Each structure stands twice: as C-alpha cells, then as structure tokens.
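Common to both upcoming complexes is chain A, partnered first by chain B, then by chain C.
And now, the complex of A and B:
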C-alpha cells in the first residue's frame, strides 16, 4: 500500500509520461475539425492532463485492484471518419421500439427513433446549438489529473449524443441506447449526456456490445433537474476481447430521484464508475449492480455517492459471482459533506467465489464530515454454503442445478431492487443463461 | 478586573482545564548529537552505543535507502513537510554509567516517572509490572530483571541486546519490518536509539506483565525506538506500552518500529495506551506518531493480539498488523482512536492470511470531536492457500460536533473461495435521547458524554490489562473535555 501510493505522487509531478503519448497520437488531427473554440480548448486540456499521468497503474489509490495491462502497448486507434458497419449485426431491441444507436461512438440518426417529448442530437450538433447548457456541462469534468480515463475521453471530444426530456413530461416507454462497437482495434470515446427537465421522468436502457477487439472509453453525464425521476439500466455485454471503461456522473437537483442498475458480464476488462452527486436537498439516489465473471475476465464497479446538502438518501447494493481465474472489484464510497446533515447512506457488497482461483476485492469506504447522519456498510465474500447444497441434493436436486439455484437466489437479492419489471426479468434471464452456459 | 477579585477556586479550575497532565518538562542535563541527519550522525549514534560494525553497516544501508524514498502521501492526514535536518536524533540524560538498580538512577528521572503515574520504585515493591523506561533516546532503567531472568525471560533494552545477544538481534531484527518497508520504518532502522527486547523461551508463561514507558523530554528531538518481542513455542507474554511528551509549540516526530514474532502455540498480547502530547486547542504543536507495528504468527496455532487506545498525538498514523503464516493462527486488533481539536488519526490494521484455518478479528472504534479527523484504514487479505480463513471486522465511528470527520477505508481482498469475510461499519452521533436520559438522572452533560463514549469503547477497553483499562478510561474522559457546548 505504502510503496504503491508513493508512486502516485511521483506520477502527478512528472511532466510527461512516455507511455501516454501513443494514446494521444490521433488527437492532433482531430483539432482540424469545425468544433467550437471552447471544445478545442477542452480537448487540449484533456490531452495535456493525460500526457502527464498516462493510464493509472496499480500504484494509484483507487486503481490497485484493476490492472490495465490489457491496454498496453497502446494499439487502439481513434478515427473521426464515418464508421463502416453491418447494420444487421446491431442487436435487436430488448423492449419496445424507441432507441438511439451509436456505432463506435458515432450517433446514427437513421437507426434511431424516439418517443414524443424526447430530443436527441449528436454531441457536435448540440454543441453548435448550445442546447441544454451543454458547454457548462461538458467543461465540468473534475480533477483530470486524478481521472486519466476522463482526460483521455476529453482529448477526443467529438462523438456521442445529447438526450433531453422536456419538463413535466413522463415518458412511459423505455428508451434503449445501443453502444455498438465494430472492433478492429478501434478506440472509441463517446461523450453522452442525458438531461431531464423539471419534473420529467424516463427509463433508459443502455446496452454496451460489439465484436472483436476495441477499447470503449465512455463518459456519460446525467443531469436530473428538480423533482425529475430517472431509471437507468445498463447491460455491459461487450465482446470477449473488448475493453470497457465508463464514467457515469449523475448530477441530481432538488427532490430528484435516480435508480440505477448495471449488469457486468462482458469484456475482457471492464471498469464502470458511477458518481452520484446529490447537490441539493431531499434527493434519493440508488445504484445497484451485479457481475458474472468467468475465464480471465476482470470487472470493477467503482461508486461514489457524494452528499452535498441535507436530507439525502443514497443506496449502493452490489452482488456478484466470480468463476475460473476471473477477478471482480467493488469500490464504494459515501462522502458526506459538512452541510449534509440527516444523510442516510448505505452500501453493501457481497461476492461469491465459485472457483479456487477466482478473486474478489472490495473497498467499501465512508468519508463523513457531518455528525447527524446514518451511514453504514456491509461486505462479505465467500463460497456457496456446502450444507445448503447438500440439503438440496438430499431432496433429489442434482448438484449442478442446486448450484445454479443458489447462485440465482444469491444474485436475486440485488436484481430484485430493479423496480421496472420487464428489465428485471431480462436481468434474471441473463443470469440463467450465463449459469446454463457454465454447465453449473 | 484584578486577580484578587476572582475566587481562588475559579483560578484552580481554570488551571485544571488545561488537562494534558503529562505536559511538563524535566530539567535534566542531556547529551545531544549535533542537530541534523547525515551518515556522520549515524556513526555518532552507533559509536555512542558502542555498537559492533555489522550494526553500523545495517544502519548505513538503511539510511542510504531512505534517501531514495519519497514521502508517503496517501494517508488522510495533512501536515507541512517534515524538515529532517531540524531535529536532534540523539538525546540522552547524562549519566556516568548505566544504572544497575533503581538506587543508582538519577532521582530526577524517578520523579518524572512518578509524576507520570509510573512509580518505578513502588512497582518494584509491589511486585507489579516490569518496566523498561525509555527517556528520549535511551532506556534509563529496566526493573525486575532478576526475577524475569530466573524464569529465563530476557527483558532488556535493545542496545544491551545488541551487545549481549547479537545472534538473536541479527536473526530477528528487521525480519518482520525490513528497512525497505516504508519511509518512516527505514528512517528508524537508520537512527533508532533504543527500545526494548523481549525473549520468552519455549514453554514459559511470562510471570508478569512487561511494559515500556516512552517519554520524550527534550525539545526538537525525534524519538526512534524499536521493540522486538520473540515468543518461542508455547510461551505467553503480555506487553504494555505507554507514551507521553511535554507540551511544546513545535511538532516532534516519533517513528518507532515494533516487531513481534510468535512461534508454535505462542501468544503475544500487545497493548498500547498512546498519550503523546496532542497539541493545543488551536492545533499548535504535538507529536507526529508515525509508527510501524507488525507481528508475524510464524508457528501453527500462534496468536497475536493488538489492543490500542490512541488519545494523544497531533497525528497518529499507524497500522499494527498481523501476518498469519502458521496454520490455525489467530490475529486480533482492538482499537479506540479518539481525536479532539485539530488532531488527525489515520489508523487501522492489516490482517494478511497465508496459513490454513487462520482467523482474525478487528474491532475498531473511532471517536471524533472538535475539528478533528479520524480515519480507519484496514486491509484484510486472504492469500490463495489460506483455506478456511475467517475474518470479522467491525468499525464504528462516533461523531461529536459538526466540524469533525470520521472515515472508514477498508480494503478486502479475497483469493480463496473457502474464506469467510464479514465486514460491518457504522457512523453515528450520540443520540440526544441517550444524553437526555443521563442528564435527567442528574449526570452533567460532559460526564454523560464520557459515560456514553466509554460504553461505546467497552468492547475494546475490556481487552486491556486492568491497570491500563482504568487509565484508558480516564484518558478518554480528559481527551473529550471541551467537546460539549
């Protein structure tokens, strides 16, 4: 731990990291496009910050459990050219008809269709028209020195979209957002933004998928204006050779509520970061997730619930299973600022190890500066209870089925929190399919 | 208003409010090394202690490595960079020769320890606890040596051990905390001046509690002592450590290293009541307590238990740890960290499970008052071979007032599916209802607070030897003073 963090301070002071430069190889060319001045400035800021840090190493606090070896050397290349792809390969909709399709981060209006009261446009178009306070949103990225993935995404700021739900509108049908990656060692850097107007409501289903080898580095901001409500469900089902790094920042205004859930089962290496910012009073925010890891896969959920003002409530609820030589990580943090009295914060993480070589690490963290708060966390890790399996077998249930039943009921504890039933059922189906594929 | 107009009792009370009772300075003539840190200073220390060449060499190796290490910055503490050249690395009371008994000890020193509540002579009479008294850089006296000797127990200063038992020192010192471990431990390996060595032979249950009392007296000195405890097969020892320092405006550094080694079926119980000067209510002065403590359960069924009550120091930064190497070995950590005013604490433990059926238990209680910050940081690591390892962790934080912070940073790493890991943490404040209940029964608010906090810490305090438990409860009360209203 000690030696590790020493290097962190070292890195931050270093002028430029040689290993960072190949990642920025295509950033200069991008600057010749027609983007607004402030966008170009933002790209330079991102590139500069990234060149000083490079990718995080195991020595970084917050990165000690996720090894980015799979990203070196930097063979992934970015291209601003319109991507060629076979539309037939884009997975068919899970539910309903409304969807937004991105291929290699590029918004595909022809493949997209939207319900009433919802506007979607590409990031560049939104920036041109300066809708939804986009400039202000895009430039607020936090400390880039500490978030190299965000810095790298900013260096290639161009692709992605902006989705706006008009105020006082409750959109009943779910909107599916497909992030399809066409492989061929592409680096894709979509920047997406969801903005719900006052008292608006919607359900978004994000699907991350693709084929072949690629590196998807996604930065999503969600702005929930006062009293708005959002349900946000993600399926991280990237290809076996795919690499996924996403940052999702949820900025919540007064009285808004957010319910998020993510399933992590794809990619060779994935890290999903969520930052819930409860910047006003009486906000409720919950994020849950489950991971199913096998082979050499590695998955990391890193979550921060940041309470700025009084009367907020945040819940983090994660459960997952790890098989073979796979690895799983959960890093959760509740940050209660001085003013955030009467905060109610909860986090839990439970990992199930199915093989002797599987690995699970957790860092459930509390940082609390207000005294009238209720915060707690629980974390466990272990194997299936042999007695319970024996019990099921003594009732005539075969071993494999008994195991499956137990894993399903274990994960069920997390998935049941999904309030939108059609999606909950799909999550359960994914778990069942995964277990069947395991022959477990 | 003149002083005469104020009732004398009021003046007394106000004086008594300034409660760090150990804050006095003993006026005693001392021997110093020149200020600063260099290879020459290390040679000076080594020569002063008449050390063999191998010891000097190992110090210099550590020093050269130390120069290459950057300052660690990951902890949740902040302080201006330490100027290592602006301190004395050796300060010792001037004495003609090492005292053979208490009668030869400078009466001023006896007086000092008496004032601190460690009456060396009485303890000798009452057949209580054997004490090694470390004053600034050197061990001034060790009591009960004969009695311990007849039991086969070695209890002496590290300097003496280097002379008398060089083989054991060579074998064990640095084997648990190597000089490469971290910046502060490395500095200690280069400049340590004294400390305590304990050796419990096979099958011996140490006949009494052993204790070291650390005292920093001189200004601008750092204290760097080492403690090494080796418990052979089937032996048992309980060891206590206490510390105080005078009130000064500048910060002083205390960078100690403690190493524990437990062989098959051995048990070591290590208790600390840390009451270094915490600085004043404006955060001025106080001790930087940067200590590396680690025990290794080398043998099967061995057991190491750390209990700590941390009420002092401007900054406490330490993680008493257990490496559970032997099968069926047990590690325990019980901690109370209380911070008030501008104190900062980043403390916790590491439990490294390597052997089969190893078990560990962590109970950590953090109490923050005033403008202080207290962090629990703990690692539980289950290695791949650690079949059926178990850990239970509970860390609770209590906040008193709305300007303080309480943080919990557990790291849980599991590489074995048969391991069972449980972790729980809570953060809360003292409920108004509980306070009201006490006050309604006629208990003043401050006393009620102490009562509640002591109740909150009970699980930890009960693991302390009796004498220390009483002292610890008092310390909790004193440290909380001024945190209400």
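And now, the complex of A and C:
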C-alpha cells in the first residue's frame, strides 16, 4: 500500500483532531532526510493515523485508568539534531561491560560495546543496509488507529537501533541497553528492534532513565526465531518529571521462550505495554513486573498474551505497592484463538496499598475461543496486615523495619520469578532502597 | 520485676480490666486462670502493647520502667515476650529471616553486637533440635501451613531464641493435643531459671500439670479474685469458676 492510498483511506474515516496536531509539529521537517521511501511512507502513515485520534482519552478502551493530562504537546519537542549531553551523567553499568547507549533515543556507538555474535547498528543504518527482516518488522505495527502512542512513534521513525544475535549463539554475558534522556522538554521516539536468530540466546537489561522533564515514547519489537531464548529485564527509572510510554511487542516463533520482567519505579506518569504474540506451537512466554509508586506518580502495566497456535504457555505475574496519592494500573489479557488448543495461560496481579489515598486498578481479562485450554487469573488489592505488623513488633522488630519486611516479602513473590540471579538481586536492592528512602 | 497496679482497661469502649493488680519477682512462674471473657487475653495484649486497648487507670512497671508508655518493640527489647494464642501467619517472610531480624533488632537496641550469620544459624539449629522441630520449617513463611501444634512450638522457639525476662503465655494449651502439650511444656521448662519469669494464662488446669506454677491467680470480671499456691488450680478444676462470679456480683 502506498502512502497516498493510506492518506485517502484515513481521511475518509475520520477528521483530524485539533489537539493531535501540535504533537506532529516537528514531523514534517524530519521527512527531508535521506530515509528510504518505505520509511518515509511509514512516518506519514503514523502521522496521519495519529492526527485522527490524538492521544487516548479516558473514554478509550484500555485507557480508562490512565489519564494523559500531564502530556501537553506544546511543551515537548522532537529534534533530529545530534543531542548534546554530559557523558558523565549516564549511569555506570549495572553488570558486566557490554552495553548499548541511547541518548534521547539516538544510538551512541562510542559509548557502546558488544559481545561476540551480537550486531548492533542505528535504525537508520539498518534501514540503509536493508538488514534482513527489518522492513517487515518495522511495518508490522498492528492497528495504528487503535494505538496512538505507536502511531506517534511511527511519525518520528528515525532513532533507535537494531540488535541481532546470530543463530545458534548463546550469548552468556548480559547486554545492557541504556535509554538516557537528557531532559529539556524533549520528546523522544526511539524504535528498537531485537532479533534472535534460530536457537540463539541472550539476556538484555533495559534501563530507562534521565533527568528533568521529557516525554519518552518507546516502541520495542522483539522477534524470537524458532527455539531461541531471551531474558529481558527492564528498569523503568525515569526522572521524577519524566513521562514514559513504551510498547513492547514480542513475536515468538516455534519453540522459543521469553522471560520478561520490568520494574516500574520512576517517572511522573508511565505506561508499559507488552504484547506477547505466540504465533506458533510450543512457545513459552512469561512477563512479570513490579511497581513502586509514591507521591503523585502513576504507573500502568498493560499486557496481552495472544495465543495463535496450540501448546503455548503464557504467564503474567505482577505485584506492586502504592503509597501517598500514587496510582497503579494493571490490565492483563489472555487471548486464546480458536486454533490454540492446549494453551496454558495464567495471570495474576496483587497490589499493596500503603496509604488510604493510594489507588490501584486492575482489569484481568480472558478471551478464549479454543475449547481445550487451561487459563486462570487472580487479582487482589489490600493493605499491610496490622496483626502481622504487631506480631513482628512484639518480637522486637521496629515498626519501620516490620513494614519494610512485609513489603519486601510481598514483592519478593514476583521478583523471585526472575531466573537470572544477578538481576534478581538488583531488583531486590532497588526495593530495599525505595523502602529506605520513604522511611517505610 | 513486674508490678501491675490497679489496671483499668477498656476494649471497644467497654471496661474489661477493672482494677487488676499483680506483682511478680524474677524467676517466678505465675498462672492466671479464669473463665472466658474474664479479661485474660486483654491483659496479655495490653502488656505486649497491641493497639485497640485504652488504659483508663493504673500503672505497669516492668524492669523498673513504665511499660505502658513504650512501643511494642521496645518492650520486647526490654525482655517482654508474648506467646500468642493465635500466632499470625506471615507469607513470604521465612522463619529464619524473621528470627534473625528480631534477634538482631533486640541486640542492637540493647547495645549489643548483631550476631554473625554463622553464629545465628548455630544457635537456631541448637534450639530447633531441643524442640524437635523440622529444620525445613525454618525456610517456610512464618507460621504458613503450620499445624496448631507447630505454631505453638514456633512460639516457644522464638521465646528460646530471644531469651526474654518475662514470657507471657496466652492460652498456649488451646488447640494442643497431649503430645504437643508435653513438647511445648518441656520447651518452656528448659527456659526456666532465676532470671526468667513466666505468666501462664490458661482456662484449664491441664497445662499446669506440665508447667508447675509457683503462684496461681484467679481472674474473673476484670480483677484478680483470689491468689494462692498450685493447690488453687486443682480446686478450680474441681469446683469451676462459679464461686468467683458470686464473689464479684456481691462486690
């Protein structure tokens, strides 16, 4: 389909939304670059789709609980100019030596280093070289009309990188990917792609961080070729004034396995969406997460496990704590298509409210069209048990420590699922630091 | 060591303890017996510092300090221990972590050095063996999936680890069969000594066959109605509490 054809069909469907247009103010200028025709077409498609919807409002399906008021378009501007930054401010590595650094979405090869059998290049370079599968992986974005964040990201398709793990290679050392945002009211739209060849394996640690005010709208697509294995761990530690919207689509081929986990503790407002697509047989997919929200923070985990074929297993396991006037949202869905017999699907969400003004909302959903499946879910929201706190105190454990112990043990139920011990330890350390910071 | 004077306590706005006085010396074992609703559990909770009780009059002095003005954790550090009638389940916190945190918190508050992990584990192992407990239970969440007897044994284990000056045993016999009762009692008796006192609260005389008290008090209608030696418990077993209700009504 050409860009022109797209334009006509979109125009026929809906008029433009005035509030959407300021978001696209910097998109036209971008089109003067040397990007491939199909990339430019994709940008136009994204811009046009977004211009007809604007950002989702509370009336949108899937957006009932997350209010995007904090996103004022006039404030956040995109720039394709090379970003100026102080390299000393980029956090030092969590583990090991291998990492990929992005600043405002722009890949920084000089700050990056990679293990053997892993190739990384900027998105533009990958497009120029027409790396196998890139066009297909970029163009398959789903229904942009229903995913305004994705559409907006597509309108600014330029930054980000492509990471490829060669087939049959198991990369032992973790690869850290740092998304550092330098603030100054920047809108950043990185597009990142991870592709694991057949029977490849790797561990990726994504860190989202920065300083000052910015809006980071990230689209990550992960393709796991048959029998490949990926561990994907994210730290959403954006700055206090930062805004984070990420869409992570995991397309899994036959016999592949994915283990994902994300910690949400930063940003003023954050939404992390995960779409697990189990498009062939015998796939194992798990995604877990935990959030730690305080002050006026708001965090949203929205997850879809989509089973296309038989014998798949998906697990969603989320736990979080909310303090002060903070808010947390979990929306989890398991979609089992007609062909996906013998599907084993599970989802759970448990929230702990530490203050009477904290809020947690959960929407668990099962949508099942096959008849021989096993799916279950559980969701709770509660407070710390005062009886348990008294029990601990009566044994000499101070009140603050008793509360911390209870919160840590509560979150531990989710974090323990992280199979890679060094990262699991860091998650636990983050929880301990958060608890120490709030004085429990 | 413990001096309770004229203690008046309201629970949910209703007077439960109405002028209770009691004095214990170091190394003594006192039993408090009384019918349901006499205020036995209220007394144990007020001493341990649980929320929800209003002290309207009276004083409690423990180790020379005003107990009622202290936080529960400070009372524990001073040497008070309550063995709960219904021990609380705490999923996710292993018994070992719980014990280590408690012991070190108390040591820290007392100005002692925290125990090294190896020293702690050695101590724990020794106490577990004495109580005939399964070491595997230490890895499980506190009291989670424990039987009634295991929970009570776990209370005694905590008592043994924390080595209190005064242990209050709130209906420790409830829900225990005779074998469990023996094990728990042996555990308690092993802790008896010139520096350790016990306040054993019970409805039934049975427990006192195993934990021999020095002094027995009868609690009814929020007050100590009578104090005597071990023979008082036997008398109660025979005659019940009816006489004490009468005494209170008349008063």
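One rule holds for everything that comes next: the second predicted complex is superposed on the first by the 423 of 440 C-alpha atoms of A that agree within 3 Å, B and C clash if a C-alpha of one lies under 4 Å from a C-alpha of the other, contacts with A are read in each partner's own complex, and residues count from 1 in each chain.
Just so we're on the same page, a residue touches a chain if its C-beta (ideal position, glycine included) is under 8 Å from a C-beta of that chain, and two chains touch if they have at least 3 such contacts.
Computed from a prediction, not measured in an experiment: that's the story for all the values here.
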Combined model on chain A: chain C and chain B, fit or clash: fit
Touching partner for A:61 - first (chain B), second (chain C), both, neither: first
Partner chain in contact with A:363 - chain B first, chain C second, else both or neither: first
Chain B versus chain C as contact partner of A:32, first or second or both or neither: neither
Larger contact residue set on chain A - chain B or chain C: B
Contacts of A:390 with chain B and chain C, given as first, second, both or neither: second
Touched partner set for A:371, first chain B, second chain C, both or neither: first
Touching partner for A:353 - first (chain B), second (chain C), both, neither: first
Nearest-approach distance, in Å, of chain C Cα atoms to those of chain B in the combined model: 16
Those residues of chain A which chain B touches in one complex and chain C touches in the other: none
Chain A contact footprint on chain C (complex, rising order): 48-51, 71-73, 75-77, 81-82, 84, 87-93, 97-98, 101-103, 105-106, 109, 141-142, 158, 162
Residues on chain A engaged by chain B in the complex (per definition of touch): 1-6, 8-10, 61, 65, 338, 341, 351, 353-383
In the complex with chain A, residue positions of chain B that touch it: 69-74, 76, 181-183, 350, 379, 384, 397, 399-429
Complex contact set, residues of chain A against chain C: 385-388, 390-399, 401-402, 405-406, 408-410, 412-413
